[in-house]
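Below: the structure, in structure tokens.
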């Protein structure tokens, strides 16, 4: 119980400064909007955004579900492929070198350029292209971090496995993968919010309506910036949700494996 | 086995650079060739799949898992290549497509460079602030992470609108500055996080040493923290370069700046049906610009090699 | 601190051509340079604005640029936008006025391949229907509503910058401007025949015919300034006058006008550009009341649709009638009077469109 | 050089015959880590390798463990080739770094070799408990390595090396990271364990007193190229009989001085320091 | 306890008076790292701190260096508060890890303190060259730390600690990472250097022979809470006179045994091992 209280106090201590900072910034923003009489179509104030958010909660949540589903599928598929590709690259160095220019290209290609092509390839009437965009965005950090992790096996552990005459699968299972796990999670954490933002921006270039990205642009195009930013708030929350989920999973797994 | 080089005792005193360089050159060449081979394999896969794959793609349970192979979706590689050599339009004065894309690429690269510089500066300043004041770190860092969940498309018009309100003396805000600013919004993030990690990376040992020498914060920063952060900073700078290019292209589309790759992507899209090779040119252009920018930053690493001695080869 | 360069900045009241001092004016377009805006580019190129003492800078639009906001926040002196899009902005607080309704007809259509059997709005039910969003979708919704098709009855797909979704069959009925996307389709080879698609291959739902057309490209001005600033009001008349001369030039010299737009930096192919010029001319000419005159009935029709048409979230464009300041024929009337005094034909009754042959890829 | 030990009829625990190991660096320069080294270790015998840094001690140990292969010469472990001995798990090994897997508990780490070689769960549990008891960590069986001090980690590593009751133990500076007191305690425990299990031990160390305290014979090596300079029979009594007091014994100091002199390249003159002054 | 040393008229190099240091852990538990420790080091005197891991040796050294502040008690260095002494650069310090900056050459590392305190370029060069000579690394002045062996790095760190000719040297297990032979060589050099510069030294070590070999007095500490158990005057002759042979001297072994027994908590009975057997 004492521990629990301590944990609570710790949470308060870590959460307090950013919350105070955030609230102060929001108040300053609201004050500026009111004091300088800034029109909503130039910069909506946080109160207005909050109002719109509350008033359109249903629509925002519906958008979050659509975009979040794409991001989640992209995250899962991209992460899986990233990890698999990294394992292959670690086992077969040639494949790493052969894939290098391709992975490098994926890491620099703007979604703007990619999305239209993918819509044509996979159909503009389906969510697939958006999921692929999210998947590609996820693939890059997961691949690089996993590969790095797979190369962190300490020589003493490698020697140990050899001295046990362990098979290569045994060595992979007992040493290589556990060593790489924290790195994989670092990659996933970076990838989590990237998946959301990528799936969202992909909506900008077509596909079924209903997601947050489309809602942002269509509200903005009728100058309804309060509503547009309510959807933006939805996307921030969604990104935060993904990030926290990745973080929680990381904590959970690392606690189970390393005490 | 790969440890050989690291474990070998350092050749006392001088090393012989020429032989080492030749070897490294060879390794480099081999890597380039293997990389090129990878691209060739990819190209072959493209054509092979286009040849053998079903026109409507591989559809499982209503989801297209593998792409369609129509000329619209997957033009032949030679169609893309040929198109690049032809003029942009039928007009008599039209430039060849590759030249237009090249010009656009340079334009985009220039703006991305400005965005990168701004982003790096802001990122470094934030990192310094957070390193100096722990309170700042705990208050600001979560917001820096959060900032990257705000979609650029929501910010772009704001930036342009606010930028255009600025007019001081002879200086007036121009559209390309908005684009650069948006690019910097993506670029500052890896730098601030990476630099913070780098600045906090020196061993307690080294920090103690500076303390023993009664060195102040600035001296410690200059003599210890900055040099120690190089290893963290370089990957962050490279990431920032790629992000700056991506941000520039997105912002060009978003606020419609003329002259860059982003604009070409939008304008050539209309030709996708009748001229399927055309929209690919700016896509490859944007990839080239991204790689060029990242490679450029890689060059910085060469000059800072001295500060990466402590690093163990990955 | 608006920082904008309105005509009011100059001290001397009415700088005519004779003074040599030109009044700087910025025009915000709603998309990139293309023949949709041929009249304005022609007016610049032919010196019509200069004749009126104006130094006009044309600012291109983009995906996220809302022209009426640029105008309302003072970054431009005039803007080109569609009436239904602006009505929403006006309700959100943008105080701007439609001072010249350049396009009399709507260019928005919903096209489909013949075999889809979509001949009227009622046939859209259960189909994949494309639209760009961005406020371009209201005529479609109004047409559907009129035909008893709910938004929930179709699958709405956002169209990209290209027509690939339509060409690949993902979209059964795609939104197409007569002057642009319709042509894009006709510039594409039909893989079945190896020839370009022909108009006979397509069914076209034209909202003008369905009765749900809304007013499109109009010149918008700052309502506050029109009220308070005489110079700005004068400039507005001059601007409209020169713009109309530009459009007349485009009607009489479509090839040259297309060339002017291309020279201004448009990346469109030659045949496509000429097609667009020609189609845009058809939206203006012949003009019922003189180019730019706002037809009260058409305006009211647009407002009614804006009040009553629901989009996919159940929202309407506006919830109340727009203010009186939303439109005014005062300025365009003055411009037309002056032009007619000079013997200019502002109705173009004898207008004869070209027959443009599209080449593959619009080349 | 005395290299044969009275080994009775059984095959020697380790038989190194004319072994060389040359490393070729990437820059073409080659390092002769070991040059024509021969050494025989009898079953149950405790042999220490001592010598300056870089003289090839670790290399020799790694060759015996078949973690590396000699450039020339042959290595036999219990009469089999080193590779076969590794596959048959004839030896246990402990490195300078404890090398525990941080994601496994103390018990989990000790069970690792048993698990890899297919021992049943119950058997593993029992054996691990026994070994944990042996190294005095009963209270820490479920702790993770990062919750242990360096000395405790090292004890876990030793327990792990003993898990399959090998008749040969290979240890590369296992006490290098410990403080003097813990180190002495660990040495005492090692002496006891070896007495109980009667395993042969090849033990690499930098510490002269440690080598003298633990060993039947001390092998002194010299660097560049790595060679065996001399082998000193210490024979301070049978392993089981050696105890704490030995450390303050005169014979102990004598042997320490002898090894020191060998290390410094002098012929062992007998305990010059003690006797001539 | 003998804590006063005959120091003549000058202020003692170090004067620790009733110092305690309690660390408060995050979970509220507190560790008494040092409890009421008093110690005086005379100018030019060599004092070693020895004791089991965690007894507070490093903590005491850090307090003297003003890298940490005591919970109670006072620390004076050359008559000034520790903080002032740090700012005045009255001491040089070397840690267990060499702690060289990897991006600076050997010379650059040694010049660092001089550079920070505004010495001119030429003066720095000259002093660094002198010190590099002193630690026998003249061929390596322009090498980077990663091109040096551990022992060489440690020598650079020692040279660096000497750069400003401090009259007090603080050293925390500086030879911990070295092999026995290099270690002995370094000890000899340290004895020589101290003789030449007549600096006072506070030296933390785990090695009894090392402490005995180097020191005028050996301070034996005990843990939980960290206290000074005893102080043993070794006095094996003046620093300058001590040489290699000392290590095999009977008095040396005698003192080693004495420190061992103190460490193990027995009263020093004299060299029991040697004399009673």
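Order of writing sets the labels: A, B, C, D and E. Residues in every chain begin at 1.
One rule holds for everything that comes next: a contact is a pair of C-beta atoms (placed from the backbone, for glycine too) under 8 Å apart; a residue touches a chain by one contact, two chains touch by 3 or more.
Going by UniProt, the chains are A, B = ABC transporter permease subunit; D, E = ABC transporter ATP-binding protein.
Bear in mind the structure is a predicted one, so any value in this text is a computation, not a measurement.
Following the contact convention of this document, A, E is the list of chains adjacent to both chain B and chain D.
Among the pairs A-C and B-E, the greater number of C-beta contacts is found at A-C. Per-chain CA centroids place chain A at a distance of 50 Å from chain D. Rounded to whole angstrom, the centroid-to-centroid distance between chain C and chain E, based on C-alpha atoms, equals 85 Å. Averaged Cα coordinates give chain D a centre that lies 32 Å from the centre of chain E.
Along chain B, residues 9, 68, 72-73, 153, 157, 161, 253, 269, 272, 279 each make contact with two or more other chains. Contact of a single residue of chain C with at least two other chains is seen at positions 63-64, 66, 69, 73, 160-162, 164, 168. In chain E, the residues that reach two or more other chains under the touch definition are 149.
Per the touch definition, chain D reaches chain A in the complex via residues 62, 65-67, 86-87, 89, 91, 93, 95, 97, 99, 101-103, 105, 112-113, 116-117, 143-144, 146-147. Remark: chain A residues 39-42, 56, 59, 115-116, 119-120, 123-126, 203-210, 214-215, 217-218, 220-225 touch chain C in the complex. Those residues of chain B that touch chain A in the shared complex are 3, 31, 34-39, 41-42, 57, 62-64, 67-68, 72-74, 135, 138-143, 145-146, 148-154, 157-158, 161-162, 242, 245-246, 249-250, 253, 261-262, 265, 269, 272, 279-280, 282-283, 286-287, 289-291, 293-294, 314. Across the complex, chain D is touched by residues 50, 52-53, 149-151, 179-182, 206-208, 245, 247-250, 253, 257, 260, 263-264, 271-274, 277 of chain E. If you check the complex, the residues on chain A that touch chain D are 154, 156-157, 159-160, 162-166, 170, 174-175, 178, 181, 257-259.
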